[in-house]
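First subunit A sits with subunit B, and in the next complex the same chain sits with subunit C.
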Partner chain A sequence: MVNLTIDGKQVTAPKDATIYDAAKLNGIKIPILCHDKKLKPFGACRMCLVEVEQMKGRQIPACTTPVTEGMIIQTATPEIVKARELVLELLLLNHPLDCPVCDKAGDCDLQNLTYDYKVDSNRFTDLKFQHEIDYNNPLIERDMNRCVLCGKCVRICDEIVGYGALTFIDRGIETKIGCEFEDGLNCEFCGSCISVCPVGSLLARPFKHKARFWALTKHESVCGYCGTGCRLTLGVKDNKVLTTIYDENQGFHKGQLCVRGRFGYQFINSKKRLTTPLIKKNGRLIESTWDEALDLVAGRLNRGNSVAALAAPRLTNEELALFKKLLVENVGTKNFDHAAGYAHAALTEGFSRSFGATASSASILDIQKSDLLLVIKTDSYETHPVVGFEVNMAVKNKGVKLSIISDKRGKLSKLPHAQTLVHRPGSEVAVLNAIAWTLLDEKLVAGSASLIAGYADLEKSLSGFSAEAVAAQCGISAADIKKLASEYAAAEKALIIFPAGQAYSGHNADLATAAANLAFLTGKYDKEGCGVLCLSEKNNSQGAVDMGFFAQDGGLNGLQILDSCAEGTVKTLFIAGENPLTSYPNRSKVKAALEAVEFLIVSELFLTETAAMADVVLPVCSFAEKDGTFTSTDRRVQYFKQAIRKSVLIKTDYEVFSSLIARLGGVAPATPAVLFSEIADKTAGYQGMTHVSLLKEGAFAAAVTTPKFIVPQAAAPFTAETGKLSLVTGSALYHNGTLSQYGEGPMHVCPENYVELSRTDAALYKIAEGDLVTVSSSSGSLQLKAKITPRMPAGVVFSPYHFSDAPINTIWSGAPVTSVTVSK
Partner chain B sequence: MSNAAAQQAEEQELVVDLIKADQVIDKYIDLPGNLMPVLQGVQDAYGYVPRIVADHVAERLNVYPSQIYGVLTFYAQFHLKPRGRFIIRVCVGTACHVQGAQRIKETFFNLLGIGHTETSADLRFTFEEVACLGACGMAPLAMVNDDTYGKMTVQKVDEIVAKYSALPLD
Partner chain C sequence: MNPITPIINGLKITLKHMFMKPVTLQYPTERPKVAKRYRGLHALNVSHDKAKCVACYLCPTVCPAKCITVEAAEDANHDKYASVYEIDMLRCIFCGYCVEACPVDAVKMTEEFELANYNRQDFIYSKERLLVK
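Coming up: the complex of A and B.
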């Protein structure tokens, strides 16, 4: 700590603080325009000028000047105020005073500073800027006439997002912010630039002229897409969610969001929302009443084992727990599951065997505290973009090393000094085993490893996985495997990250155990910056696992349930929020099962293609219309409150399950809060949590781990049939599950399915960007738009799984890799 | 050939021609801070920095395309459009100005039909006004590529244009 004097006040500040930080820490406000605490100091705007006695009274920027012992600082002398007024006058010289039509009004730093410094006239005259406004994309409006050149957008896009869409163009008086060759913006559309813009230069187009900033009420919530667990502030007016509002103090991510979180909220107030229960009569879904619908459903549920259920891990913990209670206690069935059963096998089977806990042994916060990140599949960025931001910051700001094992390159491969081992698709487990073999072979194993149960078995089982043998099979070099192994072993702290989800069937229990083995062999677990982090797909995937909403004790799992529907042993199927027809593998099989089952109940926000097949459709609430808790992928349990009133004729899933329990003669806990106290009592790590205690930031549910070496089964190397390509499926950056199809933002920028292929294959099959190509596998064929990218290796094609219009499960039967032909 | 077709033809040609860019990139790839020498090198190779080359440099050096464009537009030395075989620079600094640089400049303009930073359609001439060439004793001064012409007169302008118009373009 250093001692200094600010405005006559004796204060202390950390050694690495700037004058601005020191003042802020001690409650002294220095105005800023270009400074952002998340970004590196820049010093462009000169609003934060202060005087330092030791610097002979010169005016110096507080945001870039580090404190030194004994500094005497004045922050608001008449000269400084005059200088700041001059800065504002000069900015306002070119900045149009169009605040009445600017969406930023009320939330604008320039407006507020002009007001604070009472700059009501200007001694200078000049022309206003005459830049063309960029309306080329549907989400971000760029009006460079309002720009004050603070560079925050340029910096956040590089420092945090790692995309680099924007730059300073030209110089001197001509300088402006723009994209390469003055193109329109065409980026990831995360909107981070909008969030930090201090003026109205960057605005969210979906919110344009929807409401004045001061007319919005702010509601803190938790994002309903992926498992990262980002906190959101919803901007609500007239009971409608109109936008998301940036709050730099919110959550571990400091208000950073991805395109889904920021622009995907429109599904909440979508006109396509179901508004009343529907019952199938004479082959058509007819509007009905809740009483009729619930009576009918209750009558079909009272049939024990012939009833099965699938729930989306988007329901709250309370809803999943209550659903389970309904099924186990009142219906009498063990046949229930979520996310197709296999999607989170890495947790339920892999980690439970290796760590003795169905949870990751590391948190997202460990990323920036580690020394080396071993990422399995570059898709980790697409599935969890805000986790990707953490990786970017770790690599760029903290010098954390990044090694990637993947079947294709990706955005993460472009980070400074990142090394990507591109292996043949489907051989992840073999590569991890080869790393384990190398650790053993080169004696890089930690002393404590041999004390862990299963060590001898593992050592024996790895004999077939020498780096040389695996390298030959997987298309990478043995030297690269060995180098990776020695780097992993040498790093003081290392963290393994991999995504899981319905599209990543290869990221199974074996992958989880193979990753865990590496951590155990080198002693890199149960320590800060170490462990294995499984990025679970949906906002409450980890919650669904924690609530035990998966097949156990002989209950049927997701895929078995569908098989049993087809066979006729399951006669009633209750689907809460899942859309298996698009998101589960093998569409024709799913369709046959849903057609075969005697009675199909679907509770949903929308009439999805699955809901359209139901006998009863129950309209339920989105996260914005209810209270509850979600558990993020790293087991942060977060409570969120209702942001808007639900419409009269819809119910929360909680209310639906309560009513059904009552109809079946049981008693449900009165409110989610009451049920949560039961959950907290009996769920490992949740002890002591209550809705109230989770209000602000949530809390981590600790996982107690008992390491054990498990021998993973590595799949035989996949080789595409002669003349065919290897199809891998996964997540697109803009989407999550099938829900994002109802969010306008994601659909604006990624409206349809596509197939991504390498330049080599494009040339071989004479395919050009945007061509409609036919992709065929043994189970069917699909017409998709071609996207040619340098990241795909020759022989491998990628297509995401979110789209109902061109569902990949027509040609994908659930295998990690599928042989396909691609033709024009 | 329409403009668009001409541009397409040009880009088609350059696809093959990226070899020249690769040679420059290969030379500097391991050098820290290699962006400037690479951009200077590719500009020497192509006479300007075509977009397709800038994109290629971005991909190979792993630098954002936007950042490359920022650098290209920051420095006056980089050119984004094809340049003439002969670069005519007329000094309009103080000394040349008082010695009649304006008339020299206007005469070039009238003869060639191109103004400051413009290039003739046949890619023979590019015309630039510069602030000072550092040889005020020879004012008014003009340069064509590396050849210097001091004590310029209107008649000398005619002679210079005639001389360089007669030279082959290759």
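Coming up: the complex of A and C.
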């Protein structure tokens, strides 16, 4: 700590603070325009000028000057105020001053400062800027006439997002912010640049002219897309969610969101939302009443084991727990699951065996505290973009090393010094085993490892996985595997990260155990910056596991349930929020199962293709219309409150399940809050949590781990049939599950399915960017747009799974890799 | 005092008034002269054949009676305009704050004071009705 005097007040501040930080810490306000606490100091605007006595009273920027012992600082002398007024006058000189039509008005730093400093006239005269305004971008409107050249957009896109779409172009008075070659903006559309822009130069186009800032009520919530669990502020007017609002103090991510969180909110007030219950009569879904629909459903649920259920891990913890209660206690069935069953296997089978807990042993916060990140699949960025930001910052700011094992390159591969080992698709478990073998072979194992149960078995079982043997099958050289192993062992702290999800069937229990084995062998677990982090796909995937909403004690799992529907042993199927017809593997099989089952109940926001097949469709609420808790992938339990009133004829899933319990003669806890206290009592790690205690921040549910070596089964090496390509499935950056299709924003920038292939293959099959190609596998064929990227290795093609219009499951039956042909 | 005196005084006043100009305005045959600054029915100023209003929402924000509804939209030239501009005259208190708040002199108050109507709905003045003709 250093001692200094600010405006005559004796204060202390940390050694690495700037004058601005020190003042802020002690409640003294210094105006800023170009500074942002998340970004590196820049010093572009000179709004923050202060006088330091030791520097002979010169005016210096507070945001870039570090404090030193004994500094005597004045922040508001008449000279400083005059200097700041001058800064503002000069900024306003070329500024269009079109506040009445600028959506930033009311939340604009320039406007507020002008008001604070009463700058109502200008000594100078000059022409206004005449830059061309970009109205064409569907998500981000750029009006450089309003720009104050603070550089925050450029810096955030580089420092945190790691994309680098924006830059200063031209020099002197001509300087402006633009993209390379003054091109249109075609980036990740995370909107981070919009969020930090202090003026109205960068604005969210979907929100354009929708409301003034001061007319919005701000509701804190939690993002309803992926498992990162970002906090979100919804801007509401007239009971409609009109936008998301940036709050730099929100969550571990400090208000940063990805494209889905920021622009994917429009499904909440979509015109396509279901508004009343529907019942199938004479083959058509007819509008009906809740009483009729619930009576009908209750009458079909009363049938024990012939009833099965699939829930989306987007429901709240309370809803999933109540659904389970309904199924177990009132219906009498154990046949329920979520995420197709296999997508949570890494947790429920893998981690539960290795760690003795169905949870990751590390948190997202460990990423920046680690020394080495071992990421399995570059897709980790696409599946969890805000976790990707953490990786970017760790690598760029903290010098954390990044090693990636992946079947394709990706954005993460482009980070400084990142090394990407590209293996043949489907061989990730073998590669991890080879690393484990190397650790053992080269005696890089921590002393404590041999005390962990299962050590001897593991040692024996790895004998077939020598680096050389695996290298021959997987396409990575033995030397690289060995180098990675020794780097992993040498790092003081190392963290393994891998995504899980419905499109990543290869990221199963074996992958989880293989990754856990590495952590155990080197003693890199249960410590800060160490462990294994499984990135679960949906906003409440971890919660669904914690609530025990998956097949256990002989209950049928997701895929078995569909098989049993087809066989006729399951007669009633209740699907809450899942869309298996698009998101589960093997479309024809899913379709046959849904057709075969006697009675299909779907509770949904939209009439999805699955809901369209139902006998009863129950319209339910989105996260904005209810309250409850979600558990993020690293087990942060977060409570969110209702932001808007639901429309009269829809119910929350909680109300649906309660009414059904009542109809079946049971009693449901009156409110989600009451149920949550029951959940907290009996769920490991949740003890002591209540809705009230989670209101502000959310809390981590600790996982108690007991390590055990488990022998992972590596799949036999996959080789595509001759003349065919290997298809790998996954997630696209702009989407999550099938819900984001209704979230307008993502659909503006990624509206349709595509197949990504390498330049080599494109040349071989004479395919050009954007061509419509036919991709065929043994189970079907599909027409997809071709996207040619340098990141794909030859022989491998990639396609995401989110799209109902061209569902990849027509050609994909759930295998991690599928042989396909691609032709024009 | 003689009890007759007050009566005579009263009659004097009455007689005097019989020869004075009457104060009562024979409305509607006679019309009042409305002061320049009278705050009557609103009107939306027009320039270049368009309403001047840029839908900045300052008038609905300042209106103490909350009787102005504005909805903004973007026209073909990407300019902001009010796709909806409505004033509920039943709630308006004719304070004139809206006129004062407007940054582009788009709304004014006219000398029009005859606002009676038969239906409540007719008191909601749409943009079309408010435009200066």
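Please note the rule applied: the second predicted complex is superposed on the first by the 824 of 824 C-alpha atoms of A that agree within 3 Å, B and C clash if a C-alpha of one lies under 4 Å from a C-alpha of the other, contacts with A are read in each partner's own complex, and residues count from 1 in each chain.
Basically, a contact is a pair of C-beta atoms (placed from the backbone, for glycine too) under 8 Å apart; a residue touches a chain by one contact, two chains touch by 3 or more.
Bear in mind the structure is a predicted one, so any value in this text is a computation, not a measurement.
In the overlay built on the shared chain, the residue A:Asp158 is in contact with subunit B alone; subunit C does not reach it. Residue contacts after overlaying the shared chain place A:Phe168 against subunit B, while subunit C stays out of touching range. Once the two complexes are laid over each other on the shared chain, residue contacts for A:Lys414 go to subunit B alone; subunit C is not touched. Shared-chain residue A:Phe181: touches subunit B; no touch with subunit C.
In the superposition on chain A, contact is made by A:His209 with subunit C only, not with subunit B. Across the complex, subunit C meets subunit A through its residues 54-58, 61, 72-74, 78-80, 103-104. Here subunit A touches subunit C in the complex through residues 99-101, 105, 133, 135, 208-212, 214-215, going by the rule given at the top. Contact residues on subunit B toward subunit A in their complex (touch as defined above): 51, 54-55, 58-59, 62, 64-70, 73-74, 80. The residues of subunit A lying in touch with subunit B in their complex are 158, 163-171, 178-181, 414, 790.
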